[in-house]
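In the two assemblies presented below, chain A is common to both, partnered first by chain B and then by chain C.
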Partner chain A sequence: MSAPQQDAPGLLDELPGEVMMWVLIVSELLVFGAGLAAFMAMRLTDPAGFAEAQAHLHRAGAALNTVVLVTSGLLAALAVRAAEAGREARKRGLLAAAMALGVVFLIVKGVEYADKAGQGIGMETHTFFTFYYLLTGFHAAHVIAGVVLLALVAVLRDPRATETGAAFWHMVDLVWVLLFPVIYLIR
Partner chain B sequence: MTRDPLIRAWGLLVGLSAAGAAITHMPDFTGGAVLILAMALVKARLILHHYLGLAGAPSWRRGFDMAVAAVCLLLGALAVAA
Partner chain C sequence: MKYQTQKIALAYFAVALALFAVQVTIGLVMGFVYVVPTFLSDLVPFNILRMLHSNSLIVWLLLGFFGAAYYLLPEESEREIHSQNLAWLQLGILVLGTLGVVVTYLFNIFEGNFLLGKEGREFLEQPKWVKAGIVVAALIFLYNVSMTVLAGRKTAITNILLLGLWGLALLFLFAFYNPSNLALDKMYWWYVVHLWVEGTWELVMASILAFLMLKLTGVDREVVEKWLYVIVAAALFSGILGTGHHYYWIGTPGYWQWIGSIFSSLEVIPFFAMMAFAFVMVWKGRRDHPNKAALLWALGCATLAFFGAGVWGFLHTLHGVNYYTHGTQITAAHGHLAFYGAYVCLNLAIITYAMPHLLGRDPYNQVLNMASFWLMSSGVVFMTFVLTFAGTVQTHLQRVMGEEFMFVQDQLALFYWMRLGAGVAVVLGALLFVYAVFVPRREVISQEPTVAAE
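Up next is the complex of A and B:
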């Protein structure tokens, strides 16, 4: 009698973590990719106006926020390892540090928005700022959601949940490394 | 130097972020936007491969690499056209 045949692992089995989180990651990449493409297309209609508007942005603050976010991503990835090794206290400590950096990101972003408001710059000031507020604001909303999600998975003793929360956090990272150069750097 | 791919990826991400910001302090030069987007593409790949774990899923890694490259190519074409 032959041994029962085992199903060969499918393509979806190769994907790390929850499939639904990957569906979300692809959706977010499409949404932000379309938003950034629309931003660059609008820039074609008024390159000088976009350059003048971009000069009001604080590049150093945004660069600092990039370092903050990628460091937070590293801490979340290390938390997944700790969860898989059953080191709950270490996992919680790493997730708390990742969340703290997420809050630092939001504070820097808040300072940036307050500075713009102080200069009388709003969404209606120029098309550049309409996209700037929409894209960075939508991203900041994801950062808030990510901090909440990391807090939730920190209290769960489930490595799979930690992996899923961290994947969302890395998606926030991924979007930022594309958004930052397009909005702040390209002249 | 650490052998941990996660820490190496983080070091590269920080280095590339600093380099990208430094480029904008240089006088405008041809290909500046393309160089900045190329660095963004490398950063995105580092996050996909090492933070999100696609390094161990070659088929998915190729698909995501192509998708992110296509987005960067489109953005680069629009940047050069301006």
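Up next is the complex of A and C:
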């Protein structure tokens, strides 16, 4: 009678890191997924306007940022291995490097935003830019949160904490890899 | 009832249900005004009736929450309530404030007075002295329950309940900000209205529901807590930025249309999770609790909240849809089923569960109580369908065809008559509930088997 009761938590326990982090990750993916879907739907209504607006973006900067963030994700994954092997110093070094790359991403992003502001482009300039700022801005906020989270788990000696932090960081990574082609590349 | 101070809940529940009766009665009067618009129009204008209807709803639901907290906190923290006298003082202040509001609404004395008069608002309309009283009462309440919890056992249920109640009280402070710019006024009042019902109240709802499931189904606390955390996370994740769905057409920047649409669409998730939670717990539960009526209310709460708040909310939350439906009877349909399902049923569930314990009896009047559930719920559900149809017709005639507001209203008369009928069922159901809860039959103690049945 109590058998089914033990099955459900068992499945959840197989997830790496904290279960609540997975609830958050799924929620985030829903939000960004809905945002991207809405963006693509709106582009259908004005393909020319969207293409013209897209031409103002820094593709090279965004491509650089993709490399930066994916590398940072690799470092976080290596940090999880180090944490599981009990190599605290190596874990901290790798997490510090991952965080540093996160900051590099934010600097490149900041340069991009400053350039847009210089051209007089704001959120209300065109629907394209409303989505551009909402999606990349919301993502950048998650990069900031991720850096803070990585700093937190670097201090904690629990490998499960590092797993949880890395899971969040990979989500931030994944979202960018989805945003980059849809917003910057696809015409 | 293990703890003496749980008795405080009895008084809160009594005042809450009295106000509930007033609220639905005024609702019925308004339903009649819809079909005979001149009724009472000289004596009590419609906007006053509307304020009485919605504000008495809010106040009685809050009183119910306070009562529920006083009932379940001693059991959860395994402590008596910190101070019984403070709880009475709190109730006294709230009753005085409520009476003050009603008198001020009805007779509009002190017109224009900064402290004593009306503020001329659609929502959060109380004289300043009442607002101050509410804050004092809330502070007393928070002090009282926090001291109780801090001194006793801390559970996920008490933590979430306190988080919800603290958030609720702090957010009310925005009610004091009353800028002369109407757009700003609207922007800030949602910090109270929206972040209450789609934020902090959901936390209160989830924790009370969790308490009921724990008691009624006998499922392990550990399982209940896991669900509780997931529900709360989903509620806050979607609900906070979901505020954006009130910012579509009030002069706020256009990006709110997307933030509001996306996040508030996700608000259906916590309500779905609460429904799934309630049914999974009952399905897994091994306990056959004698209070079937309380279980019915709890399951009804989770189900109707999902449909009223979740489905009917989603129906008009996307800004492309809301552009047409905003402020039509679609909104009224959603409002009625959402409040009824989520918060009315929740209060009636905890009251049905707690009353036998508070009176020291076995569950009583179960059939009457369950009959009141079906009568009231069918009334509200029928009202919701009728108003949804009315709203659809209204949207088409008024917003698509561009016909005049009052000309359209005339064509909706049939729906309004049916809504009045639904309202009668709701009022009868409410009165039946009050009777079932407060008038237990004389207990049959069969020491002498011959007089068992009188």
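One rule holds for everything that comes next: the second predicted complex is superposed on the first by the 176 of 187 C-alpha atoms of A that agree within 3 Å, B and C clash if a C-alpha of one lies under 4 Å from a C-alpha of the other, contacts with A are read in each partner's own complex, and residues count from 1 in each chain.
Criterion: contacts are C-beta pairs under 8 Å (C-beta built on N, C-alpha and C of every residue); 3 or more make two chains touch, one makes a residue touch a chain.
Please read all numbers here as calculations on a predicted model, not as lab measurements.
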Practice problem: Have a look at where A:133 lands relative to chain B and chain C in the superposition and call it first, second, both or neither. | Solution: second
Self-check item: Touching partner for A:40 - first (chain B), second (chain C), both, neither
Solution: first
Quiz prompt | Touched chain A residues, chain B compared with chain C | solution = B
Exercise. Once the structures are superposed on A, label A:27 by its partner contacts, choosing first (chain B), second (chain C), both or neither.
Key: second
Quiz prompt | First (chain B), second (chain C), both or neither touched by A:186 | solution = first
Quiz item: Which partner does A:168 reach: the first (chain B), the second (chain C), both, or neither?
Solution: neither
Exercise. Examine A:105 and indicate which partner it touches, taking first as chain B and second as chain C; both and neither are also allowed.
Key: neither
Quiz item: Considering each complex separately, which residues of chain A are in contact with chain B in the first and with chain C in the second?
Solution: none
Practice problem: Within their complex, state which residues of chain A touch chain C. | Solution: 1, 4-5, 8-9, 12, 19-20, 23-24, 27, 30-31, 34-35, 38, 123-124, 130-131, 133-134
Exercise. Please give the residue numbers of chain C that touch chain A in the complex, ascending.
Key: 219-220, 222-223, 226, 229-230, 233-234, 237-238, 253-255, 258-259, 261-263, 265-266, 269, 284, 286
Quiz prompt | Contacting residues of chain B [partner chain A, same complex] | solution = 6-7, 9-10, 13-14, 17-18, 20-21, 23-24, 28, 32-33, 36-37, 39-40, 43-44, 47-48, 50-54, 56-60, 67-68, 71-72, 74-75, 78-79, 81-82
Exercise. State the interface residues of chain A toward chain B in the complex, per the touch definition above.
Key: 11, 14-17, 25-26, 29, 33, 36-37, 40-41, 43-44, 47, 50, 59-60, 63, 66-67, 70-71, 73-74, 76-78, 166-167, 170-171, 173-174, 177-178, 180-182, 184-187
